[in-house]
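Here chain A shows up in two complexes: once beside chain B, once beside chain C.
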Partner chain A sequence: MAALRSVSLRVGRICRCSNRITVSRRNLSEQTSSDETDKEEGTERSTHFGFESINESEKTGKVHEVFSNVASKYDIMNDAMSLGVHRLWKDRFMQVLDPLPGTRLLDVAGGTGDIAFRFVNWIKQKEQQRRKTSGAEFRLNPLETDESGSDTGLPSAEDYLYSEQRGDLSDTEEKKDSKVIICDINQSMLEVGKERAKKLGLEDDLVWVTGNAEELPFPDNSVDAYTIAFGIRNVTHIEKALCEAYRVLTPGGRFLCLEFSQVSNPLISSVYDLYSFQVIPVLGEVIASDWKSYQYLVESIRRFPNQEDFAEMIREAGFRMVTYDNLTSGVAAIHSGFKI
Partner chain B sequence: MAAHSRIFLPFRFAIFTSQNIRLRPRLILLKAEHYSRISHQEGVGASSPHAEEWTPPLYQEHVPTSLFQKALLTVGSAAVAITDPYRHDMIAVLGETTGYYALMRIRDQMKADPVGQLILSERPRINTRTVDLEELRNLPEGTFGREYVNWLDRNDVTPDSRAPVKFIDDEELAYVIQRYREIHDLFHTLLGMPTNMLGECTVKMFEAVQTGLPMCAMGAVFGPLRLSSRQRWKLRNYYIPWAVRAGYSAKCLMNVYYEKRFHEPLEELKADLKIPPPPQVPKSTSSNYSRLYKR
Partner chain C sequence: MAAPMARGASRLSLVFRRLLHSTVPSRCQEFDTKMLEIVVCPLSKKPLRYDPEKNELVSDELSVAYPIVNGIPNLIPEDARVIKKPEEPQDNGAKEQ
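Our next item is the complex of A and B:
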């Protein structure tokens, strides 16, 4: 009945991961369609692989195969397909994250290391800035040489302030605290990332781990920030990956996701569709001799939920203050949530 | 430059000599309904008038493409093929995207010949599974099969390295171009040319005359750009004219059932197919170098 369908209900849902009841508005029709991608077919559930339908058990293997094939030319293809714009997206991503020195970052599906390298450079830059500003202001060591100190036994206001600052600034401590772990399910992508790290001279600052986003090999409450850039649409069960993100983050930790999303503007959308389906597979064939992987890429973008739906999924996993930021009119979007 | 404008005039690749030319409705650009094969199956978008133009894959490895994509592929693959000669798959793609009409002409030629008809119906393939290389090695010296495996060993190639056909939108023509690719090595043996750039350009010119494929002509014209001037001189004065003459005098080599003729002596086979022997190129030493180079 059409009338009933359009009524929106406030339904209490238990958050999948946090056992906290959140209230979310759901339309009646949405409840029945929420499981449409998980059709029961006997005992085997089917899911989407681009525009194909395959069994869920096969999807991880097929995605793995795609990325083994594209690993060696991954970065060249990224530059060719997005005309270099992906670098701006990732720079913006790091600006949104704005990590302070001392952050422990887990970069999932971070294969070739783009986000991790930016993180390391960001932290180094922050530390340099701090050292510069503190170096300019700090002249004396008030704790050790106190000859010019006041006649009264009490320290002056300036000394008090300087001593506080000095107490906070020990470089070795900060460098120890800032950590980044790169986790990817595909070893070939990690190998390519390691090569790049060597070339950039960053190999000592990074840890590379093979792991599945749906079952992370890390303990609970162990990272301050969890990032996933252009990886979550390849995961078979996105909800599981979000739950795992919730699990490994410390309270107050931030979940940040950069992913392709839906373009709402119809003019830009038609140009984008044309470019995606006409040009990108051709680029894949010409540069990487691989039409099918790049056909899968553009199809998987179309199958990924839009900004609002994905934000809802993040909320259901237990994250709060979930927001999103569109990049390039919705071609990509940065979703952010906090574990609080 | 190796190729002369005079050579192109008598080329037999007039595309409209084929009697069976059919101008199918061609997809210029894929429509939005074609993107979602799932929505197609569920009936969404099937009411649109463009829905019937979508061709599902006609054979394994077939990738249906629109005219726009074929144009892009042509430009891209040509650019990559000339800059990176190790990308043989790009030359293959170039052949597929530009060769549709030439392939129709070849198919007509094959249909007009009894052996060609046999090949089209039986569809023999040449790879390590279908051709027993050990058996060919045991043939006496001087036979076609023995010379073929000697050539394979000498140049360190295998018949398995041919890329599958992807962009031809007709199942029979896909076989024709696959057959052409697989007998390319046999052409090398028949002509006595190695797999270096010089030999490849010569064989490409020969094939351009024989088959009329635009990719062969492009390869023969642009391939020599990567050669040294001495090699280009040899090509221009000896190899290319010989290749063109051989291409015209030889019978249609797509109509030969090579698998059944491996035991024949090579020289007799060449005589039967009317392939002249390779040219005698004078060795350019330091003494006659300048004399030879004076035009």
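Our next item is the complex of A and C:
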């Protein structure tokens, strides 16, 4: 009975996601006429843009404008605003993901490539470690014997078994190549990322696609891991983005999100608020000549759901084993869920 | 005498090539057709066809075309172009035997 209820709950979640996607496709094709009708009737739904209230149909465009304005200075501003701490957060993010060679990663809202570059370097390190380990395994001194007492110096049956478990005897088998796709709604951000990749010599390892997190241009069950770092709070319909994440992940795949969250400690919270509202927009004006965009970025953090509420949204999308870890007392948090 | 001149010419050629590539319009960056195995139409979730003449990814099912900008496919539905189907030629009466 409990098993049936669990299955029906899961089906219910999937159906809700499917319905959302179907309705979204119909809505997009009729969007122009329905927006006009709604405006006439004055019934268009509103949403938040930072602390401002705007029509839902306007949000994507306004967010797009913010990131077009900040793209060229995005990385410098991240360092200035967070005093470099964002790099530690992203390093931790990759440690949590801990991808293995052969993983196909989709990094959404990944414009300038921070997560993608870390993924590529992580995989390369893992592959190097694997090669070193598999090489050392077979370098036996002919005069030494192994535990079974064999004196030939050749790998024993145990060695082969261990290697097969590790995947070293896969030279004759078809290996799944690691792949990383970076998807962002903003072309300017992707172009900045592409230039960075070129300078780092990583251009051949990456695929760049302009797309909307709410309507991903990727097939069902096509990626092993989905990451989104400091992007999901800018999405107009977060639940649609979560449904799309569920759709494109293979069964067993992992959803991982790094995002600003809520600080529960009142003392740290008041210092953080002071810094956010008094310092960051000034930095935005000085470094990027753009007060308003950074005012939006700071306000959007405050409008995003807290750790528990966001975890519940992830569960609603169908993910299981949903957990989160706070970073820097909750200034940021890593949420994780699995498609199982 | 010939060797320094050859080296100089080679360097000049390299500088010229770099300058040329830096000024080539970015839309001319080639699209990697391997991407067709990775992306689909964001609306129909079906495969796309590459049109090299217009440098677009086409969904024949929905008759929409997505632009490719600087080698990056733009697969945002609102940025797609609706493909107008050519009008079918009218028959000028039935053929007589």
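Heads up, the rule we're going with is that the second predicted complex is superposed on the first by the 263 of 340 C-alpha atoms of A that agree within 3 Å, B and C clash if a C-alpha of one lies under 4 Å from a C-alpha of the other, contacts with A are read in each partner's own complex, and residues count from 1 in each chain.
One rule holds in what follows: a contact is a pair of C-beta atoms (placed from the backbone, for glycine too) under 8 Å apart; a residue touches a chain by one contact, two chains touch by 3 or more.
Predicted model only: the values in this text are computed from it and were never measured.
Legend: residue contacts after superposition of the two complexes on their common chain; A:Leu190 is shown touching chain C, with no touch to chain B. Residue contacts after overlaying the shared chain place A:Arg302 against chain B, while chain C stays out of touching range.
In the superposition on chain A, contact of A:Ile181 is made with chain C only, not with chain B. Legend: residue contacts after superposition of the two complexes on their common chain; A:Glu285 is shown touching chain B, with no touch to chain C.
By the touch criterion defined above, A:Asn212 reaches chain C but does not reach chain B. Shared-chain residue A:Asp273: touches chain B; no touch with chain C.
Overlap of the chain B and chain C contact sets on chain A: empty, with no shared residue. Residue ranges on chain B touching chain A, taken from their complex, read 29-30, 32, 35-38, 63, 66, 68-69, 72-73, 76-77, 79-80, 87, 89-90, 93, 166.
Those residues of chain C that touch chain A in the shared complex are 35, 38-45, 69-79.
Within the complex, the chain A residues that touch chain C are 25, 28-29, 31, 179, 181, 185, 187, 190-191, 194, 207-212, 215-220, 222. For chain A in complex with chain B, the residues that touch the partner chain are 48, 51-53, 270, 273-274, 277-279, 281-283, 285-287, 289, 291-292, 295, 299, 302.
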